[in-house]
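Take a look at the following structure, please.
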Amino acid sequence: MNYNVAQKHIIHQRPGKTPNPMRLPELDAILADINRIILGKDRPIRLSLACLLARGHLLIEDLPGVGKTTLAHVLARVLGLDFQRIQFTSDMLPADIIGVSIFDRESGAFHFHPGPIFTQVVLADEINRATPKAQSALLEAMEERQVTAEGKTRALPEPFFVIATQNPTYQIGTFPLPESQLDRFLLKIELGYPDPAAERELLAGADRRQLVADLVPRITPQRLIELQNTVRAVHASPALIDYVQTLAAYTRAAPRWQEGLSPRACLALLAVARAWALLDGRDHVLPEDVQAVLQGVIAHRLRPTDDDARSHAEAVAAALIEAVPLP
Amino acid sequence: MLASLRRRLHEIFVRWALRVRPPEPAPIVLTQRRVYVLPTRAGLAYGAALGVMLLGAMNYNLSLGYALVFLLAGLGIVAILHTFRNLVLLSIRPGRCEPVFAGSVAQFGLLLESQRPDARTSLRLFFDEAVPIEVDIGPHACTATTLGVHAAKRGWLPMPRFTIETTWPLGLIRAWSYAVPELNCLVYPTPAAKAPPLPWSSDSARGSARDGRGADDFSGLRKHQVADAPRHVAWKAVARQQDGPLLTKLFSGAAAQQLWLDWAALPDTIDTEQRLSILARWILDADAAGLAWGLRLPAVRLAPDNGPAQRSAGLHALALYSHGAH
Amino acid sequence: MARTNRPVSRRQAWWLLATALAASLPLAPQVPLWLSLAAGAVFSWRAALTWRQWHLPPRWLLVLLVIAGTVGVFLQYRTTMGRTPGIALLVVFLSLKLLELRAARDAVATALLCYFLVLGQFLFTQTIPTALLACLTVLITTATLLAASDDRPQPLLQLRRAGLMLAQALPFMLLLFLLFPRVQGPLWGIPQDRISAVSGLSDTMSPGSIALLSQSDAIAFRVQFKGTVPPQSELYWRGPVMPSFDGRSWRVRQTLGAYTEVPYSGIGAAVDYEVTLEPHGKFWLFALELPATLPADSALTSDYQPIARQAVRNRMRYAQRAWPEAIAGINEASSILREALALPRDGNPRMRAIAAGWRAQHGDDGAAILATAETFFGQQLLIYTLNPPLLGADIVDEFLFDTKRGFCEHFAAAFVFALRAAGVPARVVAGYQGGEVNPVDGYLVVRQYDAHAWAEAWIAGRGWVRIDPTAISAPSRINSNLASAVPTEEGLPFLARSDLAWLREVRYRLDAVTNGWNQWVLGYNPQRQRDLLAGLGMNEPDWRSMTAVLSVLCGGVMLGLTVWILRNRLRVDPALAAWRRFTARLARRGIVWQPWEGPLAFAERAAGQAPRHAKSIVEIATLYARMRYGPAPQAGDLLQLKQKIAAFHP
């Protein structure tokens, strides 16, 4: 099958060329800032921001050293959010993430010491290294946006955004996230190696850390919440909802995948597509938006039956897009 | 004699009716030209009853009798249209089809898609002579259904021709069509009921190494399994979480013992199918025990691993094993 | 076909029970009481079985019950053939079939039986209420048929679908009804129970027999005049002519039709009209005096009375022409004249004596005797009444000289007797006089209470002359109607009375509707069909051409219905339709829109392939994308899109 056409249009399309009244300059500025530091990764950056705007969490599956930490850091910086990094290890316990109550001798009572999760942007590094118990502590916090420790429920800060990374290769000694847990990530993306030009610029350019440190927040957390609400208001016409539904129906029945997209996955698809449309300055979702984010939404949700396809998430998404005509 | 003639005529009709050389490319759209309509037995009885009623109306000069007969005749015509419409322009796509073991029933998934703004009701799908499956399809909806057929032999089982018919709404008229979607079911060899024990290689005599993993370098933790040696339990990690499961320390090393399911290891007296059966049984046993295993066939070699992917890869190889590969 | 043999579900059983009840309930008055009760018992039994989900009775019991039912019907009617026994048997089978509902096939059979019973109702009555009731039954039965093959819990939905399907069947029904080649029945002998006890004139007339009819307001026939309606006093509807007298009763002659064309010629203006005759079970037809033409399949007796070849068992319609001033029978055969003079040897001596006096005075001058007789009757001061006293042996004498009270048959009988006794050939003519014009549809309605009898005398040189002795004593009977001629306290049929105007108005309207129904639905026969086709330009249509027309029209309706049924009821978004036109244009340039491609993505690709049109392509795509996927399309958008696409020529 020839996927070239599809890929070309998903990846290289720039629907934003036409002027749009909804265009929000602050979002453009944010994207420009991040693109200045992480070079040649316009698409993953855009997806990450869309994920954040859609109030979802991001899963990055990639090799170490391609800039995952930098991405998380830069996002937090530009958006004016707190940032914490948690390195997951096999001996990590839920308390290491959530926090512990320690007996305070002076007051004679237990005092809760919040864990690293109590921050606005969390980078959960190598999440599949930790035991399922530790993983589920994080994932439950992600889902509920609150933490229950020692019988007390504590709300997590708003906005709350988790970027988790996991190693792509199947290694002995890892605990792959179960599918039900994977579903809690709105998007799964890969950063990949930079292209040669970008890599050269990276090598020749200034120190990334310094650049990050020099960044100034473009918006306040309050404004970010407003933007998140704007995303929810982006219009999805009946024709578009039909399209999402047809896509899901196709995955549910076609033999290419082991299971189809769940209703939650459809909602995720619609949510990210809305954010993508907003990033493009539109107040309504187009099929192009859905197609652009489809790969990220289905990458960790659809398991192809054919082994060869596993390594070609792009090809799988393109095949799905081409199989389903617009309603 | 008569029955066989009828069957042959039916076969000729079906072949003419299908027109396309099966299997057909997806999606199969049941166009007007491939949907056939004939009265059912009830429909014939209905027609005969109308004839008798017409005679009665004529004989007694019953104007209302004429009107009734003509109304019912119109109803019959309308029923033709409704029945036809219930089936026509339905599109059929091949759906999913999970591999099965020979001797069980292969379930061919079908995806029935209706572009119509109102529902399609009581469509029956069946293979020749088999019990039909009844499905409804909502407006603009897509319904998945499966049709089972007995899988006798290992290998690829192409989906046989099936009939889709409907007598809705009045049961007087039957509209039907045939389709052969391009869908194949992988049939694994039947696992042997009696098989020799798993063929451990002769140098893996130590029972403690039977988990198929090494014992040299710590490489991680995983959930404790009954077969794990007690000395590999990660007591420290277990102690940290009060009610967690037992964890086993994993070690990797060159010395790890591996289970090879080898075609050649079986005595020559066993014929091909029997061998494949035994290998299938071994794969199931090894998989159930959570062991890592490798497979050696005359032309195929599968590196040791465990998990569902390994299991399906192994069975896949067995299913498609051919004599020519010797 | 094993698939149709799913067991009948509980819900389906309820449906079948309902339809069986709907089909057999209207027949309850027609079948014997024991059968009604038995069927009711079986229905209740079946309902209990369904309710309690008990097992159906064993087959041997059903066989026994069927035999018992059949024997019962046979014992009741002494036959199982014919209309009523047939219906009774159908009711037996239907109710017992309910006890044998095992498979879907039985359900279909039950539904078919119900359709049969609907037809059965029409054997007894075909009025508008019957038709409405039958519609309901057919609706329920069709819904049952639906439920038999598609067992779903929503009864209303089934009824609605059945209604929709029947509505779609209506055009076919209309076409077939109008154009299906009609055959005049019966195809085979009809058992004689077809018409039973219909009121009307009989072939004998004795004192009181017509007075009895005056109690009935049933319709005898309706008349539609081509021109103006002749005056009331001219409306003599000639019926059975009764020349033979046995001293008490007058009878029609036993011989049948003599002429196939009228044996006299017309003088003066003709009156054209059309009669719709209600079935009366006798052979005669009614015609305005004197008939100038004969309806099809009829003949004229030597008494100038039109008679049909078969007894009038169905409502029939015939066109007629009358010559009110015709002179008939100038050269009358002597045998007929002899018969018109015959009298019993004895009886009524007083009248005979007076008549002998006339004879002696005027000799053979029939006209003079007639005038004398009229004068004589006028002098007797006879009273016209609905309740004449009973008469003894000499009915003429007692009426004329003692009681002096009588109804038209007394007047006619006495007058004819007097003429005969005086040697003038005369006979009694029965029929109807007058009628009432329904102002709603203009039809003249003649009812049973318009029944009348008058006299006819043969005068040399003038032929047969009509004299109405009733008119001598009670001229208002002839000039207006019965009500004005009899005292108000006498029990007249409700409709014959002139008061209660509003009720009459209602009745007129109802009657007009009934008449329309009779004329156009029930009376739609081969003749009407020929007339209709002639009106449509098909003269002398044979069944082949009719079948051809019918097939063409039915095919047309079917095509229309097919289009209507198969049309995509989803209105295609006009923006999408415009977009398809646009992409079709680009496709001609080799720029093919993939069905999965978003509009803007496609626009970008197309703009790259056709840079000269890049601007308009992007404009169109942007507008389309906003219309199809945007929140609220603006009013002018569609027009703008269409204009842009119309102007787009790659």
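Letters A, B and C name the chains as they come in the text, with residue numbers starting at 1 for each one.
Keep in mind that, in the parts below, contacts are C-beta pairs under 8 Å (C-beta built on N, C-alpha and C of every residue); 3 or more make two chains touch, one makes a residue touch a chain.
Quantities reported herein were computed from a predicted structural model and do not represent experimental measurements.
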Chain separated most widely from subunit C, comparing mean CA positions: A
Central chain of the complex, centres being mean CA coordinates: B
Distance between the centres, which are taken as Cα means, of subunit C and subunit A, whole angstrom: 81
Cα-centroid distance, subunit B relative to subunit C, in whole angstrom: 64
Inter-chain centre distance, subunit A versus subunit B - centres from mean C-alpha coordinates, in Å: 36
Set of subunit B residues in contact with two or more other chains: 140
Of subunit B, residues touching subunit C in the complex: 40-42, 45-46, 49, 52-53, 55-75, 77-79, 81-82, 85, 88, 115-118, 121-122, 124, 132, 140, 167-172
Of subunit B, residues touching subunit A in the complex: 93-97, 109-111, 113, 140-142, 144, 183, 219-222, 236-237, 240-241, 244, 247, 250, 252, 309, 313
For the subunit C and subunit B complex, residues of the former touching the latter: 1, 3-4, 83, 104-105, 108-109, 112, 115-116, 118-119, 122-123, 126, 130-131, 134, 138, 142, 145-146, 148-150, 161, 165-166, 168-173, 176-177, 180, 182-188, 190, 194, 314, 521-525, 554, 558, 561-562, 565-566, 568-570
Interfacial residue positions of subunit A with respect to subunit B in the complex: 90-91, 93-94, 131, 133, 171-175, 242, 246, 249-250, 252-255, 257-258, 305, 307
Residues of subunit C defined as touching subunit A within the complex: 573, 576, 594-601, 604-605, 618, 622, 625-626, 628-631
